[in-house]
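Right after this note come the structures.
Shared between the two complexes below is chain A, which has chain B as its partner in the first and chain C in the second.
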Partner chain A sequence: MAVAVTNTMKKNHELAKILAAASCALVGGLSTAHAEESWDVDSAFLLYSESDGRVSAAEPVISATRNYDSETSLNFKLVADTLTGASPNGATPSDQVQTFTSPSGNGSYSAAAGEQPLDDTFRDTRVALSSNWAAPINRDWAYGVGGYVSKEHDYQSLGVSSSLSRYLNQKNTTLTLGLGASSDTINPEGGVPTGLFQVPEDASSSEFTQRNDSESKSIMDAVFGITQVVNRNTIMQFNYSINTSSGYLTDPYKILSVIDDDSTGNNYGGNYTVNNRNVYLYEKRPDSRLKQSLYWQTKHQFENNDILDVSYRYMFDDWGVTSHTVDAKYRFRFNNQYLEPQLRWYTQSKADFYSRYLDSSAYTEVDFASADYRLGDLDTYTIGLRYGYQFADETEFYTRFSLYHQESSGDDGYGKLTSQELYPGLDAAMLMVGYKF
Partner chain B sequence: MSKRFVLLSLVGVVITTTGCSEMGVKAWERETLAQQEMSLINEPVESSLNDHVYFSKEASSGGQGFGGGGCGCN
Partner chain C sequence: MAFVQHSTPKLMQKLTIEASLNPNQHAAPELWSEGAPCYRIQFECMASDCSMLVESHRVDLVIEAAKKAIIEAWRIENTFSRYQSDNTFAVIHSQPNVRQTLNQETAQLMLFAHHAHQVSGGLFDITSGILRQAWRFNGSDKVPSQEQIQALLVYVGWEKLGWSPQHPDQLCLPQGMELDFGGIGKEYAVDKMLKLFLSIFGDVPVAVLINGGGDIACSGPRLNGQGWRVGIESLAADHTSDQVISLSSGALATSGDSRRFLLKSGVRYSHVLNPLTGWPVENAPRSVTVAAPNCVNAGILATLSLLQGNHADAFLKSLAVPHWIHPTNT
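The block that comes next holds the complex of A and B.
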């Protein structure tokens, strides 16, 4: 028995040696034949999970880059993501049970008294494919072109991008102009609802029957950037970017509560009702948005080879949102491993038309309104840690764990509404595992 | 507030560009900067996954690159 095992092990060992020799010869042969040309693949898997049974997502990515020389490359990237869980529908919690029409109009879901109204019909799968080509034109100029396509059951996007770079001061300064355009189509479940119209009881309503199946939006991007080598250990970038969106920018699944603001009645601060039904309105956003941002990033390598990467972004738009983002990473580098703590802080001020709820005395007079907390006053924090291990054959295994926390704030309402939690926070955990080869 | 910020930033850009010719290194001093870890986006896969999460959870996007899109999540 023991002899048999030893023999098998010996055989396996010899087989392994032969295979290793053969693969070395093969890899060696390949690497001499194509000394400059190589494929670099980065594959990763992200798990994202929110607290309280809200959204969870699984997202595999594979990115493959063909390097023709140090400046010429072709990249393909494929991303898939699957979302499940529940998402806030925009309505306020109430001291009564609330029942909501599902987006398709063919069902309903409810929220218990004092509970956040969450739409649990929310689920989606997205697949996105992008490709990018980058190459030099001559000693002083380089360019890049790219394309993008993505598909979800209720959303499609098609985009193109291009960039032109000019090197100056012996390549110590690089000026880059990037332009991008995309065309998106939204075909919401149940059709496109009428903004600021009362959510009907079911799909038999005339509001449902007159709906369009789809809407579209177009997005244009321009980025102007300066990259500057500061010294042999430091590089800095400064970008100005402008992004315009036009078309249907509303979230078809988000609604707003109308709250009774008659301070003399006994329903002050409760849900406003007409014919014994709570009044909820579909949200409506303007049909254009212009965002501008200033971005600064610096990377510095210390004497001990550790790397500090810090960035700051200031963004403002014509919806009244302004935001600040600070992101910092510090990579401790050891022989063939690294450990990278990461911190991110983000704060935004609300859009002009953001409203947690609408008053019953004035809801017919608003032009635009959304109770989407992502357009409200919001602070978010991310803390993360990335670890990587580089093998002798230059492949790398890496993993990253991070926690994301959101805090919303705003006006607390009146009457009965003040006892409801209008701005719940959100916690999410993210785990990424990847392999580069 | 935002206008003043833009003005200050423009002044910053002018100072940076005019000062740029004074900065920099010679070709043989690029050993450190040439490391893949020193490129501005050295982990593009992680960056794109993060951008996607933040795009779907916050009102801002872009800055380092394009403003994002191609997703019904926002």
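The block that comes next holds the complex of A and C.
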């Protein structure tokens, strides 16, 4: 009897061992199929309209991401935008009607007395495709590689990017090094104008016939970032980035007015003329630019699930431009909806060679000059509101409306010029509608 | 099973899971805060209320890991469900009497079922589910005839399958036979969930306990080093004999169900069927809870012990595994 019991126990111990091993083999097996592989698509449509009917833009965006696992993903993004309207050509308004040669040299356009000179031939369609692959190397390292191509009728860009991330401190800290390079080609309508050369009357001029068809520029950038999980509700990011461009950095369509600075004459402050033609010069910028920026962002989730997202960027470059950007968003979260007001303020100090106009006594001596307001003293304000609705099937509809206001300032000129509005403001409205599925 | 709670839970959010990963259209899982760093995720799977208790300072990883784990549980549920027309289960049964190649996961489950069948002397048999066509354990007194049972037993028997452990991915399923992975599916899902959950955290400290409708697995002790307090409910309506145990590693699984029985002429027939006779096991305990290193292991031991009838306790004692039995007559 005792022997029988012992045998049973032995047999059962054996049984337990076999079952333990069999269950371990089953559970430990690499049998998981990755059912989570699927495409996440975000499609959106953006409408942009400036006041006074200047530029308007329509921009469809579609982004598709395939997630292979929590850290491996492939993303494609396609953007197409169509810009139509008129943009400031850089010349000052005048008390006289002004006539300008169109960029191609085959026509002209004019601005009435006191009116902002706008180049209404401005029209473009851009298509851009980018792709990015991100994957882990091991538990502590991850990498990403990407490519970018965009095309307009007068501009092409081709870029590559890569990044390397290191997780530290149990993934509470992430260090990221990113490197990027791009090569752009500019082939402006009418060819590449000669910087600081007087805008000719038409395409028959030798300035036109001697033009190159295209120019190029190359851009390299590097970013070093630290992302830190502060606590379970707060995440913070610091970035330092350096960006260097070289080559043709000038805007081929922008010009400058030369203003008569002879205070003894009766055209003081008027357009300077030679052979009864107003003198306008093509702008010219240095052929290299080194930008550096510091960026800080903090996201905080409150106990009620609302999210505050605040960021600040400081940028400075060797053209003398410095800028500050402050952006704040607050997302009120409800069950399956959210409402997100946004405020953004941007201020910029002008580039050393920025000049609203050139003096007639000195215009032949400048090395570089641009009247592009984007290089002048500038403040912009954006106020926006985003709304999102999440459906039961986890798809999301969202829309954002924002108003944009821009103010420029600078030297008010002299003589007749002082009665002209040299720094008009700009107001624009943007509406975006999107759907994620 | 019930858990002892300490602070007032607060609903933080519903976890969004893409519709394509939720084929059985379960309600969105809910993330509850039980006072940092404790979280509870409630979700449905395999007709049970399931939950995860998590202790971590990284709520972002908690959410990511919970979603991955739930998606995995729903995938397993959908893969082996007997009620889908296009899943793995349906595909296997649509090709009787021909040699077919099983996917790796199914082959692994077949190997496990084989071992369980061998060591139980044929008492554990995943081909026996078909007997439920005769036995309906709904509290009634409808006992099937021996003829009915004999007719079904023709289609029961692991050794009748064209399958061998040397080639676990090759199967020839005789016409009329059925493979039922339901008996190990829930435990398997719990173990897979735990594994996937922990893989998201890597080195990050976390403690988690997954409760798949009474089948439980934990990652280890709680962050404070103490065990998880798990209540083992008695089947009595007043819960007078509930026990609270401390679980600091491994898994618990329970077999048996007080609501599923037949009562005829004073004999209570449990829902545990002996695949060799086609009849319910006599004097089986109402339920057995077993602790083991993983949930599949605990589940198979609990099931095998029920099949021992009134020898269940002796069987479990001989295995020297921690166990809790609710006897027949309580």
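To be clear about the criterion, the second predicted complex is superposed on the first by the 403 of 437 C-alpha atoms of A that agree within 3 Å, B and C clash if a C-alpha of one lies under 4 Å from a C-alpha of the other, contacts with A are read in each partner's own complex, and residues count from 1 in each chain.
Note that a contact is a pair of C-beta atoms (placed from the backbone, for glycine too) under 8 Å apart; a residue touches a chain by one contact, two chains touch by 3 or more.
Quick caveat, the model's predicted, so the values are computed rather than measured.
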Chain A contact check, chain B vs chain C, more residues touched by chain B
Is A:Val229 touching anything from chain B or chain C once the two structures are fitted on A? First, second, both or neither. both
Practice task
Tell me which partner A:Gly159 touches in the superposition: chain B (first), chain C (second), both or neither.
Solution key: first
Q: For A:Gln170, decide between first (touching chain B), second (touching chain C), both and neither.
A: both
Item to complete: May I ask you to decide whether A:Ser38 touches chain B, chain C, both, or neither, giving the answer as first, second, both or neither?
Response: second
Q) Which partner does A:Ser182 contact after superposing on A: first (chain B), second (chain C), both, neither? A) first
First, second, both or neither for A:Arg126, with chain B first and chain C second | first
Check: Does the superposition put A:Gln390 against chain B (first), chain C (second), both, or neither?
Finding: second
- Quick one: classify A:Gln348 as touching chain B (first), chain C (second), both or neither. first
So the chain A residues that chain B and chain C both touch are 170-172, 229, 231-233
Interface with chain A, chain C side, in the complex: residues 12-14, 16-21, 36-37, 57-61, 64, 68, 71-72, 75, 103-105, 108-109, 111-112, 115-116, 118-120, 188, 191-192, 195-196, 200, 202-205, 292-297, 300-301, 304, 315, 318-321
Touching chain B in the complex, chain A uses residues 42, 44, 46, 48, 59, 61, 63, 77, 79, 81, 124, 126, 128, 148, 150, 152, 154-155, 157, 159, 161, 168-173, 178, 180, 182, 184, 186, 219, 221, 223, 226-233, 235, 237-241, 243, 245, 251, 291, 293-295, 297, 299, 301, 307, 309, 311, 313-317, 319, 321-323, 325, 331, 333, 346, 348, 351, 374-375, 378, 380, 386, 400, 404, 406, 430, 432, 434
Chain B residues touching chain A in their complex are 1-2, 5-6, 9, 12-13, 16-17, 20-21, 23-27, 29-33, 35, 37-38, 40, 42, 44-46, 48-49, 52-54, 57-67, 69-72, 74
Within the complex, chain C is touched by chain A residues 8-9, 12-16, 18-33, 35-36, 38, 40, 70, 139, 170-172, 229, 231-233, 305, 335, 390, 393-395
